[in-house]
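One chain, chain A, links the two complexes that follow: it is found with chain B in the first and with chain C in the second.
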Partner chain A sequence: MDAIILQMLNGLDKGSAYALIALGLTLIFGTLGVVNFAHGAMFMIGAFCAVTMQRLLHLSFTVLDPTKKDFLGNPMKVSTPYIEHWFGKATGAAILDWSVPISILLAVPVMVILGVVMERGLIKHFYKRAHADQILVTFGLAIVLQEIVKQVFGANPIPTPAPHALAGALDLGAMLGFAANTIVYPAWRLIYFLFSLVIIGGVFAFLQFTTFGMVVRAGMADRETVGLLGINIDRRFTIMFGLAAAVAGLAGVMYTPINSPNYHMGMDFLVLSFVVVVVGGMGSLPGAVAAGFLLGILESFGSMNAVKDLIPGIDQIIIYVIAIVVLLTRPRGLMGRRGVMED
Partner chain B sequence: MLGLGKRDLIFLAVVLALTLAAPVLLNPFAENSGLAQFNAGYPDLMQRIAIFAIFAVGFNILFGLTGYLSFGHAAFLGVGSYSALWMFKLLSLNIIPGIILAVIMGGVFALAIGYVSLRRSGIYFSILTLAFAQMSYNLAYSVLTPITNGESGLQPDLGDPRILDAASSSGSVPPTNIFGLAMSETWKVDFLGRVFQFNAGYYVCGLISVLMFYLALRIFRSPFGMMLRAVKSNQNRLNYTGLNTRPYMLTAFVISGMYAGLAGGLMAAMDPLAGPDRMQWTASGEVVLMTILGGAGTMLGPVLGAGFIKYFENIFSKINDHVLQGWFSVFPHWLQDLLVTIFHPFMGKGWNLTLGLLFMLVVIFLPGGLIEGGNRLMRLTRRRRRDDGPRPSEAPAE
Partner chain C sequence: MIKRDFTRRGLLKTGSVAAAGLALPTIFTSRASAFTNEPKGSTVTFGFNVPQSGPYADEGADELKAFQLAVKHINGEGDGGMLSTFSSKVLDGTGLLGKKVAFVTGDTQTKTDAARASAKSMIEKDNVLMISGGSSSGVAVAVQSLCQEAGIIFMAGLTHSNDTTGKDKKRNGFRHFFDAYMSGAALGPVLASMYGKDRKFYMLTADYTWGWTQAASMKSFMEKEGWQMVTDVRTPLAATDFSSYLAPVISSGADVLILNHYGGNMVNSLTQAVQFGMKDKQVNGKTFEIVVPLISELMAKGAGKNIAGIPGSSNWNWKLQDAGTKAFVQSYGKEYGVPPSQAAQTCYVQTLLYADAVTRAKSFNPCSVVEALEGYKFDGLGNGPTLYRAADHQCFKDVLVVTGNEKPENEYDLLNVAQITPVEKVMYEPDNEFFKGGDLGQCNPGA
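Showing the complex of A and B:
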C-alpha cells in the first residue's frame, strides 16, 4: 500500500508538468485551432526566466577587504550581491534563497508578452492554412527559440536550487499514519503539485466564472456567431494565447529545482505533452488535465522494479503504448468532443 | 524508354549526369585558394547528401503526395542501420546483404506502424508516428541493448562470426566493401591545381539514389501516384465514391519506410556504426525540414533540400570568428567587429539557428519550397522579357 502511494506521489510532479503544458496546448488549440509545436519552448523559456532571475539577483560588486588575507597575505576580494547590500545581510540572503519563487514575478509578464507577440506576429497568419503548415512553422519557431537560449545560456544544465526551507524531504508516511520512513517525499515536488493545482483551478475558474471567460468559451463553441454579436473575439483569443504561454512558463519556472533547466527540456516535454493532449482528447481542457496526471502516474508505476521485472522496458514506453491503445479504441481521446479535428 | 516520357527521360539523364560528375562539379575552387572551404567534393559529405536524398525522396512519396505528415520516419532509418550492421556482423562485410535486409526490415516496420497509424489522419497521424518512433528510440536505448548495444552503438568487431568472408581474428576489422571494393577506396586526381576525389562509396550511394529517384519518378507518374494525390486533395470525396483509400495509403507508407530503411542501410555501409540517436525524433524532424525546404510534392525538391541542408551544415560549421574577420577585413575596424558580432550567432555552432529561421521563412513565404522560389524567379524574368517587346510567337504561359 505505502509503495503504491509512493509511486503515485512520484508520478504527480511529472504529471503536473504534463498537465500544465497540455492545458496550455489545449487552450490554444481550442480557441485558435492552432497546433502549437512551440509550446514546449515556452516551458523552457519559463525555466530560463528562473535562471535569469537567479543571475540578476546574484549580480554583485567586489571590494578589497583589508581585514581578511588570502594565503599570499594580500587583502582578499570579497564580492557582495547588490541585494544583500541594499536590503541588509539577512533579508538579502533570504531573497537570494527564494530566487525560484520570485522568478514568477519575472516570468508572468515575459511569457504573456512573448505569447501575444508570437500570436500577433506569426500565428495570426496561419489560421487559414493547413494544420501541417501550422505544425511546421511552430516547429521552426521552437528550433529558433531553443537555439537562441542555447547561444545565450550554453548547452549545459544550470542548477537552480529550491529555497532551503523547502529543499528537504517530508516523511509523508508518518503524517498519514503509516510507519515512519516508508513514504519520504521531496517537499518541493509536493509544492509543485499544489502549485499546479492552483494554476489549473485558476484557469478553470477564470473561464467559468468571469465574463471574459464566458465570452472565450462562447468563442470556442462558435467563433463566428460571437464575432457577429460585435465582440472582438480575436483580441480575447490573443490574450488567451498569452495566458497559455504564461501557464507553460510558470510550469517551467517551478520545475527548475526538480530538474536543472537545459535548452532542450522543452522539446522533451513537448512530445509527451502532445501525447497527453491526444489521449485526453483534442480540445478538451479537463481531458488534458486528467490525462496529464494519469500518464504521469502510470509512467511512475511503470518504473517500479516489480513491474519492470514483469515486462522489461515498460517504463520507457508505457506512455506511448497507452496513447496508441487509446487512439485506436477511443479515437477522440478520453474526453474528446465530437467534431474537433475530424476533417 | 524505361516507361518514361521524353521530358522525364531527359530529366533523369540530367540527374544521372550530375550525380556522376558531382565530385568534379562540387569542387570548383582550387585547393589553396581562400574559397577552398566552399568545396563540397569530398567523399564523406557527398555520401551523406546522396543518402539523405534517398531518405527525403522516400519521405516525399508519403508527405508530398498524400499530405500525411509523419514525424516518425527516423525509426525506419534506425532499423535499417541496425539490420545492415547485423548482416555485417553475422554474414559478411559485403554491403549487399546488409542493404537488402535493411530495406526489408524498413518495410516490415513500416507495415506494422503504418497499419496502426493510418487509422487516423491529420494531427493524430503525426502524433501516432511520433509516438512509435519515440518508443523505438527508447527501446533501442534501454531494453534492446543486446541487439542495439545501447548508447555506445553497434559496430562490427573482430569477434564477429562473419560466415561468408573468413573472419580474421588478428589485425583490425576490414572496411565494408562490395565484392572486395572497399567503400572507403578513393582515387585522387590532380588536375589544374584542384584535387578531385572519386570515392567508391559515393558512387554506390549516388547510383542507388539515382535508381531510387527513377523509381520515385515512376511512382509519381503512375495511376497509383494519381490516387495518392487524390487523397491529398480530398480524401472525403474519394471515400464517398466508395473507394477504400487505406490500402493505397499503407502501400505509400511502406514504400517510404523502405526508402528510409535503405538510407539507413547505406548509412551503416558507409560508416559501420549505428546508435539510437539515429531514431530520435529530431532526426525525423530533419527529413521533414529537407522535404519542405526543397519543395514537398515535387520530384527534385527533396533532393535539393537534402543537398542544401547537408552542404550548408558543413560549410557553416567551418565558419568561425576568424574566417568572418577575414571576410570583413575591408571594412574599418569598428564595422568589422560589429559585423562579426552580428553574424557570429548564425555561424559555426549556430547553424541550427540559421536553419530554423530559414525554415520558418520558407514555410511562411514560400510554401512550395526552393522549387517554388525558382519557378517564381523564372516567371518573373520571363514576364520581364515579354515586357521588353511584343513576341506573339512565344508559347502561352500555363
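Showing the complex of A and C:
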C-alpha cells in the first residue's frame, strides 16, 4: 500500500510538470491554432531565470586572505556576496538561500515579454501556414534558444538548491498513520505539486471569471465573430501567448531544485508534453491537465520493480503505448473537441 | 624530308604509356604508406573525441582542456607539466619525431553512433593518427572497435567499465583509467569497516556496459564482506528524474543505497536521494548510507553539499602530494584557474604516454606504438609506479578511496582521500571472470 501511495505521489509530481507545460501548449493551440514546439524551451528558459537570479544574488567582491592559501599556494581569494555585505550575514544568507522562489519575480516579466516578442516577431507570420510549417519553425526556434543558453551558461547542469527549510523530506507515513519511514517524500516535490495546482487553478480562474478571459474563450470558440464585434482579439491572443510562456517558465523555475537545469531540459519535456496534449485532446485545457497527471501517474507506476519485472522496459514506453491506444480508439483525445485533429 | 606518322591510335598508345609512366611513382608512393594516415607533412594530428553535451559534458570539457595542455607541453609550450617528472625522458618538448602536434576535436554527445561518426570523420578527413577521449564506456568500446578496424591507436580517456579491457579489449586500444572491478576491490573492505558487516544494499544502476559491470563488481565484493543485496534496479542513461526509482528504497528494508551512476546521472540521483531524506534516516537500527562507487571532483561540484560524507573511489585526486601531481596541478591551475579533475589527469597522461611510445619506437606506425606500450612500466605521472599490462592493455596502479568533504575550505576542496589502496589489492588475472571472453587480436596498422 505504501509503495502505491509513494508512486501516486511521484506520478502527481511528474504530472505537475507535464500538466503545466501541456497547459501552455494547448492554450496556444486553442487560441492561435499554432503547434508551438518552442514551448519546451520556455520551460528551460524559466529554469535559467532561476540560475540567473542565483548568480545575480551571488555577485560578490573579492579580497585576498594572506593567512590562507589556494590550491596553487597563492593567497586565497575570499568572496563575499554584496547581499551579505549590504544586509548583514544572516539576512543576506537567507536571501541567497531563497533564491529559487525569489526568481519568480524575474521569471514572470521575462517570460511574458519573451512570449510576446516571439509571437509578434515570428510566430504570427505562420498563422495561415500548414501545421507542418509551424512545427518546423518553432522547433528551429527551440534549437536556437537552446544553443544560445548553452553558449551563455555552458553545457553542464547548474545546481540550484531549494531553500534549506524546504530541502528535506517529510515522513508522510507517520503523519497518515502508517509505520514510520514507509512513505518518505521530499518536501520540495510536494510544494511543486501544490504550486502547479495554484498555477493551473489561477489560469482557469483567469479564463473563467475575468472579462478578458471571457473574451479569450469566446475568441477560441469563434474568432471571426468576436473580431466583428470590434474586439481586438489578436492582441488578447498575443497576451495569452505571453501568459502561456510565463506558465511554462514558472514550471521551469520551481523545477530547478528537483533537477539541476541544463540547456537540454526543455527538449526532454517537450515530446512528453506534446504527447500529453494529444492524449488530453488538442486545444482542451482540462484535457491537458488531466492527461498530464494521468500520464505522470502511469509512468510512475510503470517504474515500479514489480511492474518492470512483469514487462521489462515498460517504464520507458508506457506513455507512448497509452498515446497509441488513445489515438486508435479516440483520435480527438480524452477531452478533445469533436472535429479537432481527428483526421 | 621529315615524315611525321601521327595517327589517332598511335597518340592514344603513346599517351597511355606516358600517363602510366607519370603515374607510376604516385602509385608506388601511395602503396608505400605502411599504415593509416602516415604523416607526410610537418605536423601530426591527434583526435580528441569527448562528450561536449549530454550527461557527461562536465568530464568532456575538462578532458578537452587537459588534451590541449598535453599538446602544448609536447610541442614545447608552457611549463612542461609532467614532462619533468615522467620517468621516461625521451619527450623533450620539440614535438614528435620532428613534427609539431596538432589536434581536432569532436562531440560524442555520449552516444555511440555520434561518437563513431565523429571518430570516423577524424580518421578519414583529418587524418588523425591517434584518437583519445571517453567519459562513457559504451562510447569508448565503440570507438575502440572502430580504431582497431581503421588501424588507429585509441588511448581511452575516462572509461571505467570492465569490458573496455575485458571482453571488448582490442590490440590497438589502451586504458590508463582504473576499472569497476578495481573500485569494488578497493571499496569492499573500506565500506565494511566503515558501516559494519551486517548491511543490506539496494542498487540503482545506469543501464549500459559501465553500469552493468560496476553493479556486478560491487555485488561480488560487498557480498564477500557479508552484505546482502536487496535488488539492483536498472535506470536509463538518459533519465534525469530518479524519483520513481528512489521512492521504494527506504521501505525496501535496505540500509545502504549504492548509486552506480556517473556524471549528470549521479548528480541528479544523489541530489534526489538526499531530497528523499536518505542521508539522515535510521533503518534496521542503523544510519542509512549512500555509496557512489565512482566519484569525480566534477560530480562532487555538481552535487554540492549533498556529496558530504559519501564514499567512493577515484583514479586520481589533485590533492595527492607526489611530484607528478604537483607539477600537473600547477600547470593546469595556471592555465585554467581551477584544479584538474581525474578525467583531465587520465587524458593528459594518455596523450603523454602515446607521445612517449612514438618517440621510443621512433615510428608513428601503430604496431610499433603498441609494442612500445605493451608491458611498459612508468612512474611520475601522478599515480605512482604503473604497469601497462600486455595481456589486456590495462594500467595497474594504486586506487584511491575518497569521501565527500564535510567541511570544505574552498570551492575545490570537495573530496578527501580516505585511503590509497595498493595496486596488489586490486590486481587480477587477465582471465578473471569479470574480464573473460575477449581477445586482443592482432595489431592493425591499417592502410
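FYI, the second predicted complex is superposed on the first by the 327 of 343 C-alpha atoms of A that agree within 3 Å, B and C clash if a C-alpha of one lies under 4 Å from a C-alpha of the other, contacts with A are read in each partner's own complex, and residues count from 1 in each chain.
By our rule, a residue touches a chain if its C-beta (ideal position, glycine included) is under 8 Å from a C-beta of that chain, and two chains touch if they have at least 3 such contacts.
These numbers come from a predicted model, not from an experiment.
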Touched partner set for A:D65, first chain B, second chain C, both or neither: neither
Chain B versus chain C as contact partner of A:N10, first or second or both or neither: second
Superposed model, chain A: greater residue contact from chain B or chain C: C
Touching partner for A:Q316 - first (chain B), second (chain C), both, neither: both
Which of chain B and chain C A:I143 touches, first, second, both or neither: first
Contacts of A:D222 with chain B and chain C, given as first, second, both or neither: neither
Chain B versus chain C as contact partner of A:P331, first or second or both or neither: first
Partner chain in contact with A:I135 - chain B first, chain C second, else both or neither: first
Doubly contacted chain A residues - partners chain C and chain B: 316
Contact footprint of chain B on chain A as seen in their complex: 35, 122, 125, 129-133, 135-137, 139-141, 143-144, 147-148, 151, 267, 271, 274-275, 278, 282, 312-313, 316-317, 320-321, 323-324, 327-328, 331, 341, 343
Touching residues (chain side chain B, partner chain A) in the complex: 67, 69, 116, 119-120, 122-124, 126-128, 130-132, 134-135, 138-139, 141-144, 281-282, 285, 288, 292, 345, 350, 352-353, 355-357, 359-360, 363-364, 367
Residue numbers on chain C that touch chain A, as the complex places them: 52-54, 57-58, 61, 231, 233, 236, 238, 240-241, 243-245, 247-248, 250-251, 264, 267-268, 271-272, 275-277, 281-283, 302-305, 318, 329-330, 333-334, 339, 409-410, 412
Chain A residues within the chain C interface of the complex: 2-3, 6-7, 9-10, 13-14, 68, 70-72, 76, 150, 154-157, 159, 161-162, 167-169, 171, 181-186, 188-189, 257-260, 262, 264-265, 268, 299-300, 303-305, 308, 315-316
